[in-house]
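Residue numbering begins at 1 within each chain, and the chains themselves are lettered A, B, C and D in the order written.
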Amino acid sequence: MATGILNIKGRIWWIVALVVLCLVPFVLPRFYVYLLSIILLFGLFAMSNNFPLGFGGIYQLHHAVFYGVGAYGTALVITKSGLSPWIAFIVGPLIAAFLGLVMGIICIRLSKLYFGMLQISLGSLVWAVVYRWYSFTGGDDGIHGISVPDIISSYKGAYYFTLIVTGISLYVLYRLLKSPYGSVLQGIRDNPVRSSMIGVNVKKHQLLALVIAGFFAGVAGTLFVVVDNTVFPDMMFWTLSLEAVIMCLLGGWLTFLGPMLGAALIVIIRTFVSTYTLYWALVLGIIFTLVIFFLPNGVLGWIEDAVKRKPNLAEAKE
Amino acid sequence: MRRSVLFVVFMVFVMGLVWSQSGYSANTIKVGIVDTYSGPATTYTQDALDGFKLATEQINAKGGILGKKLEYTTRDEKFKPDIGLAMAKELVLKEKVDILAGTINSGTALAVSDFAKKEKMPFFVFYSKSEKIIGEKGHKYVFNMNENTEMAGRAAAVALSKKPYVKYWIAGDDYEYGHAIADATWNNLKKMKAGVQLLGQSWWKVGEADFTPYITQILAAKPDFIIVATGGSGMVNFQKAAKATGLVQKIPFYQHTANELGTLLPQGKDAPEGVWGTSNYFFYYPETPANKAFVDDFRKAFNRYPKASALVGFMTAQFIAEGYKKAGKIDNEAFIKAIEGMSLDSPVGPLAIRACDHQLELPTYWGVTKKDPKYDFLISGDIQVIAPKDYMPTCQDVLKLRK
Amino acid sequence: MLQVKSLTKSFDGFKAVNNANLDVQNGEIVAVIGPNGAGKTTLFNLISGILKPDSGQVLFKGDDITGLPPYEICRKRISRSFQVVNVFNRLSIFENTQISILSRQKKTWNLFTPSSSLAVNETNELLKNVGLYEKRDHISGALSHGDRKVLEIAMALGGNPEFLILDEPTAGMSPEETTRCIDLIKGLREKYGLTILFCEHDMEIVFGIASRIMVMVRGGTIVQGTCEEVRCNEAVQDAYLGGSDVCLM
Amino acid sequence: MDVTGVLNQVFVGLSRTVILFIVSSGLSLILGVLRIPNVAHGSLYMIGAFMAFTLSKLFGGGDMGFWMALIGAPLAVALISLVAERGIFQYLYEREHLMLILLTFAFSLVFGDLVKIVWGGEYKSVPVPYMFQGFIPLIGGLPFPLYNLFLLVCGPIIAILLWLLVNKTKIGKIARAAAVDMEMVGAVGINVSWVFASVFVIGCLLAGLGGVLVAPTVSVTLGMDHTLIIEAFLIVIMGGLGNIWGALLGALIFGLSQSLGILIWPQFGIIFPYLAVVIVLIFRPTGLLKATW
């Protein structure tokens, strides 16, 4: 677990990090501000994937569907209805959460790889519908030039909006993980049979995790609309889902902030390696292989192991 | 310990990446090209790039533009709009390119176009064929350097309206491009020739490998002619199936770019004869000195024949160079003003960029595939030139879409 | 308190539990014995709801609990431990036990109060009672086998059960650990007033603490009775000793 | 659509089934015995197709070229997989499934770019061998390509060979035993590591074989791995993990629902196979046939 927001020492670090992130747009050129927005929203996407994956032990293998549906929800409300974009920003994630519930109800009966595969089939159905419903979703071209409120349409505005929303989302996710519900969820990850034997309705708890994950993926999708003003069906293709899983594993799927780090690494490597070579996928592949081989718990997981932090239960003392 | 070392090396590598700056000198005009350089699209994108490269070398050999050298840098977006858009942003914001170009992917083209509009950055679209680029989503900063679906469809309709066929069937790849091409062809044909009827349609998913079921369905319906709206690798796949099932001998059909080198070259001598197609460029037609010179230069540089997209890349670089020269300074607004309505000599004769909608006015060649002893692949025979004025939508029509 | 009536469960045609009957009175310690593969663990899984029986009935305090899901059964204050250690490996001892208590307190749907402020005293007290308090912050996956077995019992107790099922509580323990564990079980029983159903291979333990014994062979109940009754029962001797005429032990 | 049309569609669905079956049976074998969800399986299929292009060109492009490709390309793919298995996978059998998915996905990225480096980005076309060019009239006189007929013959042959391999050979028996209890097999003195290597190589060889067989009917491109691998996984899951007959059944359902779905609702024909998987998994959560794990 990352340093807690709930104890004072941890809180200081969080505040320092937040202040630094707030000052970034005044120091760095526009491109890095944009890049940071992308990293933050991908990080949120990966962390929402990791909520059921790393903390719930659910094989959430097609998370991109919720991300894409959230983004499309927001985009469609903005472009097709006369409603305020601010309402769209809430509607998008809610649609994603609802989809999380529906797909969850269908998939939750299965476990592990079977769950993941059923989710992929269902997700592919959603993708296929979006991909061909030209009149409504714009088909494979997607929807472009989505207008967002002026205050968040500049790079800085979009960045601050992303930062604030991501910050709040992370705080909520963190509180969730530290709550009794979060503890139980981690118990389920480690041992579902045991969990049910201490009186936990395993499936219902997992279902809630899927809804929460769907919601925050939807939030990340909405942020993408704010930052890049476009949506397209690739956003819910299964390769993006695998990328999200990779972000989790690369950063450390048993740590809270690991997926954020994984997202940052992938975005950075992709952006900067591609300026040198067209073969950036090759470089990414080799890096993944090395990480799996030498850092099986991911980069952040490895750092935590290296620092040899005992589980911090000082907080638990009343 | 080994892990710590690896970890440190890894982090240093990542940090190094972030702080690296590729060489940027004030004395160049830099073009940022985002395109797909992996997957089936490469057949077209590589030629566009090489055409651009050839023109760049020629321009620089003649002293560059306003004393500056023309330079370009490429990014492989792997046919993913989000990556493509991020790369375009990187090119403009970090690499500080002066002009954006590229992409065969309509999704990326539209996304980048929207970004270019915001940044007031000229963007030359190479080879994506969505009519939205200069139509519905058109704006001051985007230029379309190849035909779009509406144009291709109209050109085909012009040619088909002179043929005796009445009963048509439409089939194609079920994605935006396929539907757009089919709709454009059919809607225009209906207007140009009364009495044509549509017996039915079949659509298959993009990347479909096996066309036999559809072909049998079509054969059973017995149409006079089939409009086949395939793109990318679907072109070759369908031609193979048409040959294997004998469709090509039974019912004539048309595919946009069916007679183009990109479609015919990979099939070698096995491609079916008798397929109707439209294309905007052949290396063997027109047989003018300008075309011959271009083909020779291209072959010398890259050891292969140029495809239609090579012309696009080649002319884009020319327009960029001449645009700046005419503007007399490196300024986006002046550049756009200069290039609007500009006409340049090209391998296929003079080509102009229409001022109203920024569409390059290309001639279209209608023809049918046939074998030729000179080449070990099929070429287009019976070439019929359809001039821009005969098939391009009017400025009025296009600008109406922008409302 | 607990009655099992002609319970049957088969896997792919193999009858793992075949017409098993069992009766446990309030406050008793009942042992289930039988050779390997007799279906003891399957019986426990059926009672605790992990498996659904093909036929038969399980009654708890007169209520029919047959085929209820495990979490419902647990809420009726039946807890169990497992033969193969079954704890939350990535969490600490404290967290393992706390989750169990939180679940009993129906706080698992509490989404925002930090766990660290809930049920801390109860958890600490329980850990003191089972002797794991000093190791409360250790990650349970890294504990010794004996400690994990004890942790299992602590987690079972976290549900504040009236009825405790222990599946080979001392399996794999060293002799000293075993002694400690038996003392612990006896102590806990008195402290919490538990009724206990357990199975065990070590006959010394069985005859040492069980008030009554049920013998299973090939999925079925041969006999249930006091230690003396079982000891000299012919069928039991057949099953265990190949028909020699000596009483067990 | 009349009866002949439906029948025709069925035949076509069957030839697609053959390719799907060959590839997914290899995937299933690896999943069943080694427990590796091999995402790179699709890449090997792609490499097989590209190899077929090179080999058939090398041997003159005619019948000879095709047969040489049919033998040579799968062997080349097998060699690549042997190197990968001995070099990397053999150290990772104990890892979490997720890790293996990630690792094999990393491999698919690497393979994708390597193919691009070796063969370039353009698409390639493998000619149909002369002896299978042309078509035969089916019921109702509708044409059916000879090559598809050849595929229909290949399918059962490969299924039978696989069945013999798994059930009648020593290595098959050991592999099946290892799938159930690896330690036990190791304990009786069998070199499990090499058994695993062989199974892995055989599985990958099937991927390569699928690639060669499909090559003449499509254009060989980068990215052909992406569409296939997800279908193969769904087939394996639908049929029952590790079960060869399950793979056959799954491929049948997938192939037929695809070609028959087009008849029912042409515009959304694409969704029928996925729908079939969803329905199967809702009613048979662990697949149609008995999974090995």
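List of remarks:
Everything that follows uses one rule, which is that a contact is a pair of C-beta atoms (placed from the backbone, for glycine too) under 8 Å apart; a residue touches a chain by one contact, two chains touch by 3 or more.
Given the structure is predicted, the values throughout are model-derived calculations rather than measurements.
The most central chain, judged by the distance from its Cα centroid to the centroid of all protein Cα atoms shown, is A. Rounded to a whole number, the gap between the C-alpha centres of chain A and chain C is 41 angstrom.
Rounded to whole angstrom units, the spacing between the C-alpha centres of chain B and chain D is 34. As a whole-number value, the distance joining the C-alpha centres of chain B and chain C reads 72 Å. Shown for chain D are the residues in touch with two or more other chains, namely 112-113, 116, 267, 270.
Residue positions of chain B touching 2 or more other chains: 37-38, 174. Under the stated contact rule, the graph of chain-to-chain touches falls outside the line, ring, star and complete shapes.
Remark: the chains found to touch one another pair up as A-B, A-C, A-D, B-D. Every residue of chain D that touches chain A in the complex is listed here, in rising order: 37, 39, 88, 91-92, 95, 97-99, 101-103, 105-110, 112-114, 116-117, 226, 230, 233-234, 237, 241, 267-268, 270-271, 274-275, 277-278, 281-282, 285-287. The touching residues of chain A, when paired with chain C in their complex, are 6, 175-176, 178-184, 186-187, 189-191, 193-202, 205, 208, 254, 310-311, 313, 315-318.
Across the complex, chain B meets chain A through its residues 2-4, 6-7, 10, 14, 17-18, 20, 22, 37-38, 73-76, 78, 80-83, 85-87, 89-90, 93-95, 106-107, 110-111, 113-115, 117, 130, 132, 137, 174-176, 179. Listing the residues of chain D that touch chain B in their complex gives 1-2, 5, 8-9, 12-13, 15-16, 61, 112-113, 116, 120-125, 127-128, 133-135, 142-145, 147-148, 214, 216-219, 221-224, 227, 259, 262, 266-267, 269-270. Here chain C touches chain A in the complex through residues 48-50, 69-71, 74-75, 79-80, 82, 86-92, 94-96, 98-100, 102-104, 107-118, 120-121, 136-137, 139, 155-156, 158-159, going by the rule given at the top.
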